[in-house]
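Chain IDs A, B, C, D, E and F follow the sequence of writing; residue 1 opens each chain.
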Amino acid sequence: MSIFKPINENQAKGKVKKIFEDIKRSRKIKKIPNFWRSLAHNPKLLERTWNNLKQIMKKGALDPVTKELIYVAVSITNSCEYCIRSHTFAAKKKGATDEMIKEMIDVVGIANQNNKLVEAYQVEVDKIYK
Amino acid sequence: MSIFKPINENQAKGKVKKIFEDIKRSRKIKKIPNFWRSLAHNPKLLERTWNNLKQIMKKGALDPVTKELIYVAVSITNSCEYCIRSHTFAAKKKGATDEMIKEMIDVVGIANQNNKLVEAYQVEVDKIYK
Amino acid sequence: MSIFKPINENQAKGKVKKIFEDIKRSRKIKKIPNFWRSLAHNPKLLERTWNNLKQIMKKGALDPVTKELIYVAVSITNSCEYCIRSHTFAAKKKGATDEMIKEMIDVVGIANQNNKLVEAYQVEVDKIYK
Amino acid sequence: MSIFKPINENQAKGKVKKIFEDIKRSRKIKKIPNFWRSLAHNPKLLERTWNNLKQIMKKGALDPVTKELIYVAVSITNSCEYCIRSHTFAAKKKGATDEMIKEMIDVVGIANQNNKLVEAYQVEVDKIYK
Amino acid sequence: MSIFKPINENQAKGKVKKIFEDIKRSRKIKKIPNFWRSLAHNPKLLERTWNNLKQIMKKGALDPVTKELIYVAVSITNSCEYCIRSHTFAAKKKGATDEMIKEMIDVVGIANQNNKLVEAYQVEVDKIYK
Amino acid sequence: MSIFKPINENQAKGKVKKIFEDIKRSRKIKKIPNFWRSLAHNPKLLERTWNNLKQIMKKGALDPVTKELIYVAVSITNSCEYCIRSHTFAAKKKGATDEMIKEMIDVVGIANQNNKLVEAYQVEVDKIYK
């Protein structure tokens, strides 16, 4: 009666199999990470999430490294270990240096502190910001 | 018996007055925002927070626009309206375009979703990420 | 100097013992889960929490399965592994199918995303909703 | 230099216009809510979010009322006023009674409390739940 | 079709009326705050919440001021304006000084920052703390 | 390509070495905890965090035990295991009894529940609290 375990790659069929192949090709990896193997229990969720992520994380007005750093910043704020580790890995693979990651963490630290100071003092929004 | 109200600039003395002047000079603004006027109830907190923020948000391995976008991403995740509005303002002032802001929001949206999918499926961290 | 460890069932006395027996009888289980064994360090907390939970989770306008799914949805949003696992277990025991759990997760995913999009765009509440 | 304001319906063109029409038809409403008018600044986000939401919230193993209640439970946990109000409205429109909503809130209350008690006592997951 | 509005005191009957009277007597207030008037839609929730709160917030190993400060610290972390304002009010009424409140806020600020630095660096628990 | 691992004490030089010595002296401990060894990857962050924490957590209008309990209350609310364990340890070392810790947890539990009930019923702030 446990939570859904990751599906093995060799058990993948149909839509799931095609998406797994696209993930490996796009990411240049040989093994499907546990995240995608878990979502495969729900092929529509897998398809939706993969297509959305591919569309969102590609180069646009922001470069892929900046996008990965933003992703990690959110994941730290939400305390999601898997997400912090996998997207720090992705950020580095796409070119993020250790200095960039450390500076991102500095911003996350002070933003989390200041977000709460704003609540504590119940600061009203200045007109200029509206 | 209410929460601390923002302190008026013309009531500022000593350390608070000096920091207020530094804020106006560094930010090229004429009025001290409510956030700093609230923290002024606790001069050490004001000093600490201003000095840390100045040190953290300046250009380094990451440029100031990227840092502001990361700050906003955290503030959205924490639902802090003041912080979202004031740092979106700062990001734009430093050169962020509407397209950049929209793409940051896209990343925040999917990261928040995927953070929770990871929890829902209790996905274990792949060895390669450790 | 560590955090309170779960209390053994055979060490339970008085009020704690009676509640442990009620838990086993009501839940049709033979071993007291760690959650209740931990709360037993504070018998009033144990009593309050068990009585409240029994009252809240029983059949009413909503059936017990729906209530368990809502409980799990909150626990995913709060990233509480123990709570996700124990109440997914309870949901299944009460009749939730895998399809029901997957659909609940889908809703949790998009709700978490949309909650943050609302913050990012600072969407004002439409009059019709007030 | 403000946050993106909702786009007026009569300014909508192309993809946005088509989605706005689909929203009004599917929801049987005459005015587009502020949420969709805000996302319209980013037509791809609007399209993705609307299509995903339609797919997720429709009748499946869970009925639409249960799905709306789960959506509201997540939104309460995330403190998103817009989301709480708009999806409580949707839940009622689809048939949720006041009693159902009150019971959902009861579950959200105790789940949020117990989630934190689990953290406080650092309760380990029982083997039976794994 | 709106969210439950606070119930007027003069509409209160039976159990709700009795609890309202107990609230006024215990708190030495003349008007029932909106929180209790809202919970009155669900008399069992009102009774449970009031009885639990009375039991928990009274003098014990911790004095009532310390308990109110802890309550506010949690409420700041959860960004609950009503809770921050009403329990800061209660803390002051019970004797908390402005200095005590400012120091509590300082702790909340740095705790929120350090909580996230721990996630960012994925710090493992030292053996001595277990 | 992993996350930054804690730095060994004997590798510490310059500013980091001096801060490590100050930590050991002030805390009367012989080994630097993993938190500080991790922050040492960023000496300015280490210096800032240590100096701020020392300033904030010392005796003032609130005693050090109360401050540690507030720190733990925030950490429970944020689900940070490292922070819960290390600051419960610190609280006990400074004199917190088991009864004090249990009562703090009780407050954290009900505050987290009531924070969400306020959101669920969208309770408006009473005038008296403003």
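Rule of thumb we're sticking to: contacts are C-beta pairs under 8 Å (C-beta built on N, C-alpha and C of every residue); 3 or more make two chains touch, one makes a residue touch a chain.
These numbers were taken from a predicted model, which means no experiment stands behind them.
Identification of common neighbours of subunit A and subunit E yields B, C, D, F. Listed here as common contacts of subunit D and subunit F: A, B, C, E.
Over half of the residue-numbered contact pairs of C-E are shared by just one pair in D-F, A-D or A-E, which is A-D. Chain centres here are C-alpha means, and the one lying farthest from subunit F is D.
Relative to subunit C, the most remote chain by averaged C-alpha coordinates is B.
At the interface between subunit C and subunit F, two copies of one sequence, fewer than half of the residue numbers in use appear on both sides, so the contact is built from largely different positions. Measuring from the averaged C-alpha position of subunit D to that of subunit E gives a distance of 27 Å.
Centroids built from CA atoms put subunit F at 21 Å from subunit E. Residues of subunit F in contact with at least two other chains: 2-4, 41, 45, 52, 77-81, 84-85, 88-89, 102, 105-106, 108-110, 112-115, 117, 119, 121-122, 129-130. By the touch criterion stated above, subunit C contacts subunit D in their complex at residues 3-4, 6, 31, 33-35, 38-39, 41, 45, 49, 52-53, 56-57, 60-62, 66-67, 69-71, 73-75, 77-78, 80-83, 85-89, 97, 99-100, 102-104, 106-108, 110-119, 121-126, 128-130. Touching subunit F in their complex are the following residues of subunit C: 1-4, 41-42, 45, 78-80. Those residues of subunit D lying in contact with subunit E across their complex are 79, 84-85, 88-89, 92-93, 98, 102, 105-106, 109. Those residues of subunit D lying in contact with subunit F across their complex are 76-77, 79, 81, 84-85, 105, 108-110, 112-117, 119-122.
Note for the complex: subunit E touches subunit C at residues 2, 44, 48, 52, 55, 129-130.
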